[in-house]
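Listed after this line are the structures, all set down as structure tokens.
Here come two complexes built around subunit A, the first alongside subunit B, the second alongside subunit C.
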Partner chain A sequence: MANNELQQLLPVLLFILFGGMALGFAVAMVAQRNPLYSAVSLIGVFISLACLYLTLQAPFIAAIQVIVYAGAIMVLVVFVIMLLNVEEEVRRPVRLRYLVPVGVLLAAVLVGEATFMLQVGRGAAPDHFLPSRPSDVGLTASIGTGMYTKYLLPFEVTSVLILMALVGAITLARQGRAPLLAAPGNVTEEQPRLTAGGGPALKPGDTAATGRAFARAQIASGEAAAPSSGAREEEG
Partner chain B sequence: MVPLTWYLALSAVLFTIGVVGVIVKRNAIQMFMCIELMLNAVNLTFVAFSSYFGDVTGQLFVFIVMTVAAAEAAVGLGIIIAIFRNRESLDVDEASVLRL
Partner chain C sequence: MDWLSNQIGPDWARAVGQLIGINVGFIAVLMIVAYTVLAERRVLGFIQGRLGPNRVGPGGLFQPFADLLKFIFKEEITPSSSTRFIYFLAPIIAITAALMPIIVYPFGPRVWLPGIGYFHLVIARFDIALLYVLGITSVGVYGIALAGWSSNSKYSLMGGLRASAQMISYELSLGLSLVGVVLMSGTLDLYSIVEQQGGWGGMRWNLFDISRVPQVIGFITYLISAIAETNRVPFDLPEAETELVAGFHTEYSALKFALFFMAEYVNMFTVSMLATVLFLGGWQGPFVDVFPWLGILWFILKVSFFLFLYIWLRGTLPRFRFDQLMSFGWKFLLPVAIFNVVLTATILFFRLR
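This part shows the complex of A and B:
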């Protein structure tokens, strides 16, 4: 009898524990001024949500939550925070203080709306898993079957999205850097740098094509004389 | 057994916290993290409905939402780094005009 009561009580206790953890971490994330502490709180939210997914008997989504969100995405965020060495948020100027009451007002409206919707649909929301529920919902096999049969097109479109994100991220990361191969148009304005001995100084990224283009530009602008056969003989 | 309504209420509160964060925060990275929180709140709704009604479609949607979130993270953080290079600051108020 006590065992049966425990079985009834345990899901409720788990929900209160992990739901409370998720709420606490979420509030801490918004309240923090230091972005790094915010990121750590957000990882806490993700872990709590993964545990909630386990209580909902969705082990695949729980594992993906930990691997993709808490693993990949948050590592990227923390990496960027540390790369940019972001300082703590400074106090906002007076002209933007009105955003806090606006945020609170919007939060009240959203919570009221959600409460209303939950009240309206209270009779329709089940308290238990439906009896007709297949036993394999949430397991990797059922998700894979659905993804590669009925929902194959969304899955493929997702791969196109990933490709676009890849190209976009590379384009953004390359922004502002000098082109690796200098085109003739890039080098005409540049004066040659000479070493102490009088020869042209090489810098990383220079290619033979750069030098030839540079020489052609100088000849074209009259700064240097075109090589004649007589000059070649003198050198020899 | 926990009623479905509890999960929906928790999800609504998490989403609201994310909305408030996006409005109140000025640091671009923290706004970005609040958006991630909102995505996760919606994911919780999907998984709850999927489990209670025994339909696996909701969990497939969660998978796709996570993919979109990963793509968003890659591009969004790239944009944030580009803004930081130009302005030496992550304050979104200083990047309110779409030019340098």
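This part shows the complex of A and C:
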């Protein structure tokens, strides 16, 4: 029946669509010069992969793919690109010239391997993409049961590893650094800088706090009159 | 429906039914959004002792359409030094990510219609509905972040950075405050979660369910982080007018601005629906088991309560400072949400033993 054939064909069409999208986004990611375009292409790759997982009847893995990779990790990448304002790459670095033959070689090995696998595995795999009998692989309950019973130790060890990475990152970031956010309580009042004549001076880039300290030093040395009580309250 | 399944088979009939449902759902949500905007302007007016828009149509009822026409006919301005492709992509991502989750919310019980038979009042029902909602919501951040970056304006960039930092931070406590409900229900399927809240005359909502664990803490943390997640007052730092002009959408005009505006209200609506479904029993309420169609009314009433709460808060509260916002999210809300997960899990462990 034509209807049945269409149902057989649909997973193939979806696979070609999402697989093609994943490949296209991956190529775009490598080829782009602008780092933000690369990041957006990588998000496209992750979302196409999630759609492929859905066609393979693994909805939980698809959702986690989107939440963790597209939703969390890539947001941080985009965030860093925005914060650092990474410039567009103007010309290719010279070292890439030596990497091109290596890349071609590795790609050839990968293609050869895939061909070999397809040749060996032919006949063993079913002709259609969807398994004929329902399987619980990739469903939430089966993954949860597996993760918290059979694979509990690897799961816990992985979380310790991630915790170590987190602590390490924080230690590296905080080493010899002042707090990033200039919030009240974070900013210490600096002593006013002195000019050659010995009097305090202000420079561009001084904060309001140094300005206040400067004014206080002026009042203390008698250069300026102390403000009225109302102004002093405002200052605090 | 039977005629359709005879023609093209039951699977395809279901697919056609869902396609129609999705389109009807989108149109319904956009209409609701239009009238939420009007309701916001009128209610804010009454809170502030003025009338609000009441000229177009009876009581201002056609005001949303007038606004839409204005948006369509305004001049499209594109900043000359913007990153063109991403500049146009950002509003598309924002509105798509806002509209996609609406298909999974159950808005009524199993009902009967002549010619169709029994069916569930939910457009798409699947195993991982809650994770789907969280996943699509987390993709929505890109709309705002990319809009801020691609406009090539310092106000937009600061607004985009603030918005994405805020959304990443509050997404954690949002997700964690839902874990309590998931632990109680043992499923991620929203329809089953609502079904389990039946009983006690339709009032056995997860919020008060003392036979398991009442999710009061989870509800409060969810509500606060949902307001922050949708960038609404008092967490509307990304578009603080006094500091940032209009935040990430400063450089957007005409219909592109309207897309961001709509996305914000659709997000408001979806987080209200999620709160209703998870904590307030969705369509459950008195007399639903006698007369199933009443479920839709209860659902609409509960969602309207949350929408009204949003507007009420906007008329009442001042804005946070950015460092207060961050330390509140990370140092208070997140630990409380984690505490709720531990508490719920512990009590459930001893009750179920």
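Throughout what follows, the second predicted complex is superposed on the first by the 157 of 236 C-alpha atoms of A that agree within 3 Å, B and C clash if a C-alpha of one lies under 4 Å from a C-alpha of the other, contacts with A are read in each partner's own complex, and residues count from 1 in each chain.
Criterion: a contact is a pair of C-beta atoms (placed from the backbone, for glycine too) under 8 Å apart; a residue touches a chain by one contact, two chains touch by 3 or more.
Just so it is clear, the model here is predicted, and its values are computed rather than measured.
When the two complexes are overlaid on subunit A, subunit B and subunit C sit side by side with no clash. Comparing subunit B with subunit C, the partner in contact with more residues of subunit A is B.
Contacts of A:152 after superposition on the shared chain: neither subunit B nor subunit C is touched. In the superposition on chain A, contact of A:140 is made with subunit C only, not with subunit B. Using the contact criterion defined above for the overlaid structures, shared-chain residue A:219 touches neither subunit B nor subunit C, since it reaches no partner. Contact with subunit C, but none with subunit B, is seen for A:40 once the two complexes are overlaid on the shared chain. In the superposition on chain A, A:83 contacts both subunit B and subunit C.
Once the two complexes are laid over each other on the shared chain, residue contacts for A:100 go to subunit B alone; subunit C is not touched.
In the superposition on chain A, A:9 makes contact with neither subunit B nor subunit C. Legend: residue contacts after superposition of the two complexes on their common chain; A:66 is shown touching subunit C, with no touch to subunit B. Our summary of the superposed model lists a minimum C-alpha distance of 14 Å between subunit B and subunit C.
Counting contacts by the rule stated earlier, residues 60, 64, 72, 76, 81, 83 of subunit A appear in both its interface with subunit B and its interface with subunit C.
Interface residues of subunit A facing subunit B in the complex, by the touch rule stated above, are 8, 11-12, 15, 19, 22-23, 26-27, 29-30, 32, 35, 38-39, 42, 45-46, 49, 52-53, 55-58, 60-61, 64-65, 68-69, 72-73, 76-77, 80-81, 83-84, 86, 89, 92, 96, 99-100, 102-104, 106-107, 110-111, 114-115, 118, 122, 125-130, 132-134, 137-138, 142-143, 146-147, 151, 154-155, 158, 161-162, 164-166, 168-169, 172-173, 175-176.
Within the complex formed with subunit C, the subunit A residues making contact are 3, 7, 34, 36-37, 40, 43, 47, 50, 59-60, 62-64, 66-67, 70-72, 75-76, 78-79, 81-83, 139-140, 181, 183. Those residues of subunit B whose C-beta lies close enough to touch subunit A in the complex are 1-10, 12-21, 23-27, 29-30, 32-34, 36-37, 40, 43-44, 47-48, 50-57, 59-60, 62-64, 66-75, 77-82, 84-85, 90, 93. Listed in rising order, the residues of subunit C touching subunit A in the complex are 8-9, 11-12, 83, 85-86, 89, 126-128, 131-132, 134-139, 141-142, 145-146, 148-149, 157, 160-161, 164-165, 168, 171, 188, 323, 326.
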